[in-house]
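Below are two complexes that have subunit A in common, paired first with subunit B and then with subunit C.
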Partner chain A sequence: MTLAKTRKLPFARLRRIAVIAGHAFTQLVRMKVFYFLGIFALIAIASNFFDLPQHDGPETLGDHGLDFLRLIKSWSLGAMTLFSVVMGIVSTALLLPKDVEDRTLYTILAKPVPRIDYLAGKLLGVLLLLFVSLALMDGLMTVMLQARLSVVLEVQTALGNARGWDQASRESLRIDTLAQGPTWALQGAVAAVFFRAAIMAAIALLVSTFSSSTLFTTVVSFLVYFIGHFQADARDFYLNSDRAGTSSAARYLATAISAVFPDFQLFNVIDAVIQGKTMELIQFVKLTLAALYYVVVYTVASWFVFSDKEF
Partner chain B sequence: MQDGWNKPVPAVEIRNLVKDFKTSLKREPLRAVDDVSISIEAGEVYGLIGPNGSGKSTTMKALLGLVAPTSGTCSIFGKDSLKVDSREDVGFLPENPYFYKHLTGIETLAFYGKLCGLRGAMLKDRVGELLALVDLEGARDRRIGGYSKGMLQRIGLAQALVQEPRLVILDEPTAGVDPVGSRQIRDLILKLRDRGITVFLCSHLLEQVQEVCDHVGIIFKGKMVKSGRLQDLIAIEDQTEIVLKDASPELISEIEAMVRRSGSAEWLHSGKPRTTLERLFLRETSGEER
Partner chain C sequence: MKRHYKLPILATGLLAAGGLRASWEAPFTTELRAAGLLAKPVEMGTRDKIGQTSSVVALGGLRTLVATFLNLRAFSFFENKRWDDLAETFDLIVDLAPNTIYYWDSGGWNLAYNAASYYRFDSELPALRRREGWRESILRGRAFYERGAKMNPDDWKINAALGRMLSDSNKLTDFPAAAAAFKASADTNRAPSYVRRSQLFAMARAPGLEAESLDLARRLYLNPSNRVATLSCLLLALECRATPDRPPLKVARAIFESDAAAHDQLSDYWVRVRERYPLDGVATALQELEKHLAIPAEKSVFRRALQSAEGPDDWFRTR
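Showing the complex of A and B:
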């Protein structure tokens, strides 16, 4: 088979995107981004001791065991959100300008590589990094939570015996306690963390197609992140309220903001999971579709800008 | 490759290329390339020469679709440069390339090979072949970050050749490279010519262009001021050069007297031809290299 013919093979395009994604992933890994996992491990382990003056374990907590498990989840998911959003934005903001600066972009685009393939590959590389990182953090959190859950359950059993609780009370507490351990809803919350970081990576990709520096891309992306958390409130305030005095300009502005910026309040489900609530499947599907929608929209917008860009 | 009328399709066809760059809102746009036309037949080595900022790199970028022409057209083997498929038959080495420092030589070539659709044994064979061609087999597993300038240029040339293109575009291929590395790159260009690969290079190192190119174009302030076959452009039509070996002074006097007697020709000068400083340098340093 000639070299020219291999380029016409089926799925050649998907393979090309996979090559760019795999390379972006390797590039980021070799930049030692996984060092932050060590910091996460420290936070996850340290969360055992927060708010405990004598560094006591859960066994001394007695009926505060549920709060203790919530604390582990809260700290772990908080750290996951922080790391994944920072990593998603900074990694994406770094990749494109670096390729332009080093002229490696010329050598790639001088090959038969469509620009959308290049962008999609870079974004998928970052998403792969986020996925692997979150999977590792999730694993660590789950192990820690499971270990502490066992201890809390044992303490509760002992406490129930000592205080003479009836079977129904014991069972009710056990169910409440299990809901605070590693559950499918918790995995759904980790997925929501991933989705939010993926949207931020797609936004950073869009900004980096017209930005001239990594710093600008990073700052603007974080700005969008914060707007994304408040835009739903602003939209409701201006569009859904019947307040007199809301000008039409303000309404248009609110509509424009809600069309351009992502609505991150959809992802507040994470807080509910930390409190031990379950996540319905339909809720998870909605989150997945919303994330997919935002990622596709921002990637296509990136392509529009990047396709006419001159180097 | 031939078109419908059995006329060979040129490897490169640039017609009336104009490229303006916007500077600021108030100022006039900067014209980097002004009505440049170039046609390169398959198998030729074409050198585009000119001072810095004369429009050489912009012309090459327009040919590769990295910038869009303000007016005019560029095509590679008959395919419009703005279309992705025109890049199937072209390899490009930019000026001062850096590549990915975290990759080794072999990983770099494999990455570019995979981008072009190569896989498995075919990719492995091609990467091995290219490393041998550019004499980097000894550095195949070393990270690019540790490569010298000359090695970077050679790995760059190897990546440009990975999909066996019929056209190779080289932007200042020996910029910043020492004379030994420069000679290696020049030899590689000659090897490519022997294999029938069309080479389009730009440089401001005139001696080097003279050694490897069949055709040249001189670009100045964005305009093509002279182009044609190198030998035609540099020949001094009314002079003839005779080089003798082991000629005695008597023989030279005799020839000189014969020329003067003829009346139709003028004796200009005789003397020993000189080697170039570059050749002297290469001869004196070749022992260290080995």
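Showing the complex of A and C:
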């Protein structure tokens, strides 16, 4: 079958993107990025055995074990955020310069591969790497959390028997305890970590299309990451306050910054989940759509810059 | 396309996409805030106090992680009896993790109990300053609990802790406020049954709530699991107060399983003067019971030492 015919086949474009994504994923895996999982495992296990000093009062209703569960979630999700954002940015920042260095880019672009397919494939490869990494970390966290949850529940049952708690008290405490264990909301929080890293990967892709070095892409992307967390505050300060002395120029600048940079505060639902709050499905769907919007916008912007770039 | 045209077009495109995003992003943020899934932004004052590194970590969506480490710092302040630093640290902690009940419970307890006890027993300060330190710590603890209860209206634990503190005879008792706190806790329908009983115990000691107290005591008594000693004794006192003509012994026999059980429980209740429970009809009932049970005079409860009724005036006397 000729190449022209292959290109017209249904899903040919998707298949092409998948091939590039698979290649990018393999390329990243060969860089031994999964070694960090060992460090994560260490953090997860340490958080499970680390005895926090407690300030329990005399009337505490045997709920001090809940703090250990919060600690495991807090440490694990913290490490996941750190690893995924670093991995998302650095992996993406490496891909384009590496393809130029290895001259793979010239080979690919010499073929009838649309540049958007090339970029989408590279980004999907990074996203696949992030997904696999987070899935492995999530699995480890869930196992640790479940193990600790069982211990906490056992201790509470023994305490309840010793103190002669009634059924209502036991049930109330059990509900509070289970909310701190592995829940669907916790999986939603892990997904929020993935979304944030995915957006950062898309931003790093955009930066790498006009940057000349990996270091520049990495530094600028990290700056964008922090701006993304501050920008909502700046926007509120300049746009929603009637403060005297706020100039029009400052307001326009705040509007421009908040329009161009992502607002990462949306993805801070992680904190509420660690505290035992529940995320509704509809909220999760909206969060997914928000992340998708960002990824699509920054990928299209990357393509716009990359479309006629000469190498 | 020429390169110098690209940048303005890219900027315009990103601005347009950002403008489009604003239409759904702001309402979604409000929705997440209303659902308690997004905390309000970290205050500038809090950022200054937790330091730049922690501030960046907190802004990076890891507020609970920073709160965990601040909790370790608070424990060190507790060990070193640095109560002002401890109070400030707990203010930071709850600013970062306002929905973690443990921090509210722990902060309030450290202030109202540990700091207050330190000023009462251990401090080398002069009596007047010890008393002021004791009083101030309790008020700080109360304010902390109240703030936590306001921020977490669906939680039962903070209100229960507040009610316990306000009805503690070693603290600055405020029985009407304690009853209201226990009621708020019990009304969440997630609190253990003892919280509703605690509401009754506080109500019974609040002036002007006698009728409501009797009504609640009668309702609680209907459930056998609520028939703990204090509730049974309190029901007797409230019944005798409402109908002084009714013989207390008859009331006691209607409430307690046997004369011996009534005597045991009422004896313990009688000596707990420090807790300021109503005592209507209790003395008469005990006298009658002792007669019927043929208890020798030397073993009479009226010969037992009553709880010390010492208060702040005695604790903080100039040494």
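In the analysis below, the second predicted complex is superposed on the first by the 293 of 311 C-alpha atoms of A that agree within 3 Å, B and C clash if a C-alpha of one lies under 4 Å from a C-alpha of the other, contacts with A are read in each partner's own complex, and residues count from 1 in each chain.
By our rule, contacts are C-beta pairs under 8 Å (C-beta built on N, C-alpha and C of every residue); 3 or more make two chains touch, one makes a residue touch a chain.
Being a predicted model, the structure only gives us computed values, none of them experimental.
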item: Superposition on subunit A - do subunit B and subunit C clash or fit; value: fit
item: Contacts of A:27 with subunit B and subunit C, given as first, second, both or neither; value: first
item: When both partners are placed on the shared chain, which of subunit B and subunit C touches more of subunit A; value: C
item: Arrangement angle, subunit B at one end, subunit C at the other, subunit A at the vertex (C-alpha, nearest 10°); value: 170
item: First (subunit B), second (subunit C), both or neither touched by A:110; value: first
item: Touching partner for A:154 - first (subunit B), second (subunit C), both, neither; value: neither
item: Partner chain(s) touched by A:308 [first = subunit B, second = subunit C, both, neither]; value: both
item: After superposition on chain A, the shortest CA separation from subunit B to subunit C (Å); value: 10
item: Overlap of the subunit B and subunit C footprints on subunit A, listed as residue numbers; value: 308
item: Residues of subunit B that touch subunit A when the two form their complex; value: 61, 64-68, 84-85, 87-88, 90-100, 102-103, 111-112, 114-119, 122, 126, 156, 159-160, 163-164, 169
item: Complex contact set, residues of subunit A against subunit B; value: 1, 3-4, 6-9, 12, 15-16, 19-20, 23, 26-27, 30-31, 102-104, 106-114, 308, 310-311
item: List of subunit C residues in touch with subunit A within their complex; value: 1, 6, 9-11, 13-15, 17-19, 21-22, 24-25, 28-29, 31-32, 35-39, 41, 56-57, 59-65, 68, 71-72, 74-75, 78, 97, 99-100, 102, 105-106, 109-110, 113, 156-157, 161, 164, 190-194, 225
item: Footprint of subunit C on subunit A - complex, ascending; value: 52-53, 55-57, 59-61, 63-64, 66-67, 70-71, 73-75, 77-78, 81, 165-166, 168-169, 172-173, 175, 196, 225-226, 229-230, 232-233, 236, 256, 258-260, 263-277, 279-280, 283, 286, 290, 293, 297, 300-301, 304-305, 308
